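To start, the structure under review is shown below, and the notes come after it.
A, B and C label the chains in the order they appear, each numbered from 1.
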Amino acid sequence: MFIRNAWYVAATASEVGAERPLGRTLLGEKVVLFRTPQGQVSALEDRCCHRLAPLSLGDIEEGGLRCRYHGMKFDASGKCVEIPGQSEIPAAMCVRNFPLVERHGFLWIWMGDASLADEDLIVDCHWNNAPGWPTASGYIHYKANYQLIADNLLDFSHLTFVHKTTLANAGFPNSRAEVEPFDRGIKLTRQILDCDPSPLHKMAGGFTGRVDFWNRQIWWLPSVFENWAGSAVAGGEGPPHERPGALHFRHFSLLTPETEKSTHYFWIHPCDFPHGDASLIDAVGQGIQTAFAEDRWIIEEQQQVMDQFPDVKPKGLVSDVALNRVRNMIQQLVNKEAVATRPVIPVVKQGVTS
Amino acid sequence: MFIRNAWYVAATASEVGAERPLGRTLLGEKVVLFRTPQGQVSALEDRCCHRLAPLSLGDIEEGGLRCRYHGMKFDASGKCVEIPGQSEIPAAMCVRNFPLVERHGFLWIWMGDASLADEDLIVDCHWNNAPGWPTASGYIHYKANYQLIADNLLDFSHLTFVHKTTLANAGFPNSRAEVEPFDRGIKLTRQILDCDPSPLHKMAGGFTGRVDFWNRQIWWLPSVFENWAGSAVAGGEGPPHERPGALHFRHFSLLTPETEKSTHYFWIHPCDFPHGDASLIDAVGQGIQTAFAEDRWIIEEQQQVMDQFPDVKPKGLVSDVALNRVRNMIQQLVNKEAVATRPVIPVVKQGVTS
Amino acid sequence: MFIRNAWYVAATASEVGAERPLGRTLLGEKVVLFRTPQGQVSALEDRCCHRLAPLSLGDIEEGGLRCRYHGMKFDASGKCVEIPGQSEIPAAMCVRNFPLVERHGFLWIWMGDASLADEDLIVDCHWNNAPGWPTASGYIHYKANYQLIADNLLDFSHLTFVHKTTLANAGFPNSRAEVEPFDRGIKLTRQILDCDPSPLHKMAGGFTGRVDFWNRQIWWLPSVFENWAGSAVAGGEGPPHERPGALHFRHFSLLTPETEKSTHYFWIHPCDFPHGDASLIDAVGQGIQTAFAEDRWIIEEQQQVMDQFPDVKPKGLVSDVALNRVRNMIQQLVNKEAVATRPVIPVVKQGVTS
């Protein structure tokens, strides 16, 4: 079960142009994303209402998207505006439109009740390619449920064992993050003073000795992970993240369920390098890619074990506290949506029902 | 559900030789096709009655087909004629035989009640490689139910959008075919006067200006499509298909269900070129191949959408009239067969039960 | 359904080293096999009890196997001996251990009630690479249930038809093996006097004329096939297998179910060449490989037919007597295990319950 009343990243802005539509499965539904010649982005159900051919095979024209099969044309709102060889266009000849917002380099989609689609709820990723923030980014297709990836991101004790050459910091297993729930998820704060930097921090920060490390993370429900992490030379004054000369990463991992067993994983990694050397961004991006490939390897295997033995339950450790909290929150939201009567293709934008 | 009491193309005649048997799934059953050294073709159930090994792995010998596993030998009628190491051959040690007729370059199989297998019901394809009819032909394996392909062939309004470089004629969406049901299917007649020829007609007919176009199509239930189509120079006297110097295509698309989700698609395209240049046949064949690849691309995608959303129903357009008629006729035949008590492996050829 | 209270080959001894663990599915369960730096072999359930990541992705260390995900460490008995960042180790934090014995080049696993795992029941394969016994060996992954392979090995009438270039002996279909059941399976004895040797026997024995052929086979339940076969020059005195100058093969086929539809097939082929030319072993191994690839080809196809037509039953021939006996014995053992209350992860080794 997915949480439908939420903003998810459907695509990066650069993936969706005015040349060809993009078909993508999101939350188990087929969606076609396209941009009109005027630059307006649109997300429609990716099946023509006539004989169910995917609209993503069609062509973008002035004023809309034309089905490749029998030539029906739909405007950006999903309304049919032309049926070749037929003058009358019945009102029912339309396809579902999904709210879609272009912001900070992403297209954010709302797959639930459109009347609840409040743009203020979109997570702020303004660091993405902002001036002074060289940004690495990427996309991973995962053959695993998004919650297994969430589990991974919410328990950094795995860094020591999974990411030996990139993110490993010997201090993780023995340091506890402070966990603070709030109305939209949880916040995790962690500080490890006087430790050896991870290979990635060492390289990006140019550190030659011990560092004071921090991260301040937010899990935005259902599936955006914000991770402000960094290091400063060990032993300085004040909190490390406020010290001049510190290395700052403003990382976001943005998970969009594709199906119950697969996930679109978008990530951005804006950096503030203490020595201002923006050319390090390629090496940082390479390191993140390496680390995330290691995670994927394990998590996809974990998914396969779970598929094969659906009755075997995980046994908890102390370090599972944050991921268990988020799992509970997600379950509550799913339950809440299940009881709400969800109107299909609502027309009005105001008049929210709970 | 398939219509079983009907002739279907099992293979082209040239596919089935006396060197190796050919295994093929037809209407959800595994069938082995082979030719004896004397040239007799035979279709048997493709599993040895002993331990179910496919007979298509076996060897053709004088007098029959020998199973590759334990060496049982079956004659062309499916009767076991030898069991190595065992003198007695029980009568039950036989495999099912299917009526099979070689005609006009095809092997036609009857998978239902053999007592109903009337050879006069085989559709006449005598133009296939006949003198004066250079013929292009081909085979396509389709990952889609045969009825989706039937839908496609029964609504030519798609030509304008799917086949832009080959069969597109701007007139299709706005011309209506006359639809005339008869006892074995429907007939469609269409004429478009004074139009630009499609790229394929232009090339094959050597037309330099406008043409009068016609097609006279027959859908033979359950799944043979005959399409007599052509063009003549616009404005001549009498019906265009009777004028000298006209281009004639005597096309057949012959669909044989493999499974509920896949189809064997055989086609032939005999041509009468107005300028008698038989060398054009390669270019015509290439054009048909291109067009049919375009259809397959869309139809296989359409099948996938339907598989994923089995509850979503298509919404009808005016142009669906012919395909809906054929769908209804097919459903009636399926229902009729469902109520008939179907004898299995009937022995007598006469004495039909309804 | 599998027989669980039995020894199966899990791997060859050389497959399992101290560098990397080996993950393998056996009887439908995922198992990790590894060797400690001290050389002790161990078989554990291949999923960490924490979050179900496969332990076969982990690392072998002094004293056990460390999970690659969050670093839990298990000793060779499956007991957890370290949880990073957590001092208390709950007793439930363990993974199932399977009895595993290294003998004659194989690792034998017992997947049922550990209290019943009597090492004396392991089939004696001591010829494997023993002095004076040059040995060919191999592994085949089969996409078929192990009983279809057993059927094949228990009816040598197929040799004439499947293995024309290697094992074919024209006498097989017309000779009957003597079948003698005993408490652990059946014994088959066969002798064919004054026959042409099979291509493999001819080559390995250097025979120039007719031979007296024998085999003395044992089917050890559930799935080990011992085949002492050979040839001697035709017409000598006494039973052929006791004559000097005879060719001896001490073949074993060892089948381990992977799933209901796939099998691990290990085989060894120790040879006593009459002319002492050990270099023939490569050619013999090549011949066996060729023959077994032919079997696999047919059996995997047979499995597919059976999957597609689960209701079609094989029809028996006289030559099926041995395989039917073994099938009945296997069914009885399966039934017997189904009624027994099977304790999970039993701790005591003595005190057998039936």
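Here are some notes:
In this section, a contact is a pair of C-beta atoms (placed from the backbone, for glycine too) under 8 Å apart; a residue touches a chain by one contact, two chains touch by 3 or more.
Quick caveat: nothing in here was measured; it's all calculated off a predicted structure.
Comparing the contact residues of chain A and chain B by number shows a mostly separate set, under half of all numbers used being common to the two copies. The two copies, chain A and chain C, are related by a rotation of 120°, based on C-alpha atoms and rounded to the nearest 5.
Here the spacing of chain A and chain B, counted between their Cα centres, is 48 Å.
In chain A, no position touches at least two other chains. On chain A, the positions that touch chain B within their shared complex are 30, 46-47, 49-54, 57, 66-71, 83-86, 90, 92-93. Contacts from chain C toward chain B in the complex involve residues 151, 155, 157-158, 160-162, 172-174, 297-298, 301-302, 305-306, 308-309, 312, 314-319.
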